[in-house]
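Shared chain: chain A. Partners: chain B in the first complex, chain C in the second.
Right after this comes the complex of A and B.
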């Protein structure tokens, strides 16, 4: 931490500092998250596409922001890398219950990112955010998986 | 006792106080009578005021705490879960004890942790355990985190009544004691109001009155199938609305038709139909062009392009070669091949259904407007005339209630009449379509149904006009005659006033009875119309004649 970050950190709730330290010291497998230089509530996130999923071999960038009332309110997370997934829309927004009504202040950044990783392994076309993608998934799953793999190759290479 | 009987026997000079008491009870009686749909005359609904609601809520809680031997707080959880149906709570509790308890988050107390220090899993700080709280699960959190948790949940709305432990894997309900201990005063007040409001909002047989600022609730006292309409008048604020869909009262039309009608009336959807039926886009600039009569020669008002309505080709290429200016054979040739048929047929159908809709809509709309006008007139008469009349007749204005009753009846009749057009629009839909699109047309039974429906409507309109005339023109006459003959403020000719009074009360009663019968008849369904109402209407008409 540089001195500017240290000054910022003094303003930050201890919970956020502890979460950040733990994310950096014991990262979850396939996930990295590091706070931005100028805003310690903003995280640059990378998730590796899980094996045996159409996202395998891809590196997906996300942004994660902790709002003022975190942890009472959930973090805001968004994909920055283009991804073909029935629960992610064109803007990268994610349909995940724990990011909305199932949020609990006892959940953490780590649990959120692990849940997103799990969502890549198990897309849920019955709870869609991207309607046409979900339709594709339901009507022609092998075709949709091919498109997802294709997008992974085109957009998610580091 | 009906209004007319009571007034006919009572003296005009009664003590004001006594009269007011009577009119209050009279009103209640009227609402009961007006709205009972059952033969037993049991009221279909009741208006419950704030105190009564609170009593009823307490009573329901007591019935559960008493029988199940649980706290009031837990009883409230169960009652909310089962829509405040006490019997159902009793049944479920004894037949599905474990599942029911789990569903509302009731758990056996977990053992108290032996450690004196624990980490709060929200802020990650360590605290002495005696400064932390938990639900029965013993997941401990610190005071500040509980405060954030409960106030956030309360700000999110009534779902906070079913708040669970912050631990994401735990379903234990958060006891009210924690909420009381941690929520800030404003949030706590909101929480308590949610508790009270739940008795109405989560209750299958209760709804709030829709009147602005009115704090009454309406209780439905009859068996109602899902989505069945029930018109309600709030005796406290006068609001009229449907118990089921909360829209304006709409007997004899079903809630479903009211919903469909509202969508239908949204101007946008019908404009689209109109444009389809009457216009074509200019082949050059796409501006919608309305067809004028007969002539196929169109000129676009925007780009001045001249084209043929039938084939949409350039008009310059028309003339003798295409079979003359009034008969485009390019179109005829295409029509023979069948290219245009589908489009033309669609256009004709759209036009026909639009005209049919306009017929019903215009009449529905006219009565809605007349109803609003009658409301304004009633308010004006109440404000401008009643006091003067009361002075002239030396009668307390509460005694002149019969004039307001007549106007209330007019407003109600306009409402019913207006909905009969929505009724007709849907009930006659198939019949109208059959009449216009098939060679056979309607059967004689169908013709009769339509005839009686339209006859009833016309009859109802006539009886309403009579009442309206009396309440407006004749009332004015009574007042004017008096002021020209004897000067303003002079005592009124009491005999002629009493005659007018009897007349108006009688007319109001007859009209009310007639409209009630009409509504019940239409609700019974269209097929019964001819059989049940065929002879009745003449009788009714005769009754109106005799009262006049």
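Right after this comes the complex of A and C.
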């Protein structure tokens, strides 16, 4: 760490420092998250597409930010890689209950990222954010899965 | 140093505020292309303030939020022709050297505060009686 980062870290709540250390030292399988150099509340995240899912073989980039009132408020997370998924909209915003009303300070960055990874394995078209994608999923699941696979090949290669 | 909200999350906040609507609706804004993950191109709208030469007019602006927004000011161009001291008549650009909120940009400023300030500027003593071009003309 350089001196600017040390000064930043000194102001960071202990909870965030501990979570960050653990994310770096014991990363969850298929997930990496590292704080950006100039903002220790802002993380570059990578999630590997889970096997047996249409996202298998893809590397998905996300960004995560811990707002001022974290952990009382949930982290903010967004996909940076284009993804065809009923619970992710065109801007990469994610529909996931724990990022909204089901958030609890007992959850962590790690749990959030694991939940997003799980969402890739189990798309939920009944609680959609991207309406047309969800409709595609409900009316023609094999077709939707083909499109998701196609997008993974086109946009999610590292 | 306080908590710094990074560009993309700041723009997502502004987008949500713009979608919900705010104030009395006399200024508004939205993204041009719902697919643009970079969130660069925006359109703003200002309804001309009553009691001025702008009364009843609806002005649209093109707004660009660069990679360094909000550390750096956005760029704004009027699409609709308007006669205002801070607007370059060649292309409708809002000239930061003549519009302090852009020239002395601060991170706390937002698209909402810029548009609101432009509307206030239309009603300033310097601008409110300026003769205006016919309605419906645009810069190219």
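Keep in mind that, in the parts below, the second predicted complex is superposed on the first by the 158 of 158 C-alpha atoms of A that agree within 3 Å, B and C clash if a C-alpha of one lies under 4 Å from a C-alpha of the other, contacts with A are read in each partner's own complex, and residues count from 1 in each chain.
Quick note on the criterion: contacts are C-beta pairs under 8 Å (C-beta built on N, C-alpha and C of every residue); 3 or more make two chains touch, one makes a residue touch a chain.
Worth saying up front: this structure is predicted, and the values here are computed from it rather than measured.
Aligning the shared chain A places chain B and chain C next to each other free of steric conflict. Note on the composite model: angle chain B-chain A-chain C, taken at the C-alpha centres, equals 60°, rounded to the nearest 10.
By the touch criterion defined above, A:72 reaches chain B but does not reach chain C. Of the two partner chains, neither chain B nor chain C is touched by A:61. Contacts of A:110 after superposition: neither chain B nor chain C is touched. Touch criterion met: A:91 reaches chain C, while chain B stays clear of it. Judged by the touch definition given at the top, the superposed model places A:80 against chain C, while chain B stays out of reach. Of the two partner chains placed by superposition, only chain C is touched by A:41; chain B is not. The gap separating chain B from chain C at its narrowest, counted between C-alpha atoms of the superposed chains, is 14 angstrom. Contacts of chain A with chain B, set against its contacts with chain C after fitting on chain A, share not one residue.
Only residues 121-125, 139, 141, 145, 148-149, 152, 166-168 of chain B touch chain A when the two sit together in their complex. Against chain A, the residues of chain C that register as touching in their complex are 1-6, 8-9, 12, 15, 34-35, 37, 39.
By the touch rule above, chain A contacts chain C in their complex via residues 7-8, 11, 36, 39, 41-42, 63, 65, 67-68, 76, 78, 80, 82, 90-93. Against chain B, in their complex, chain A makes its touches with residues 13-15, 18-19, 69, 71-73, 98, 102, 104-107, 111.
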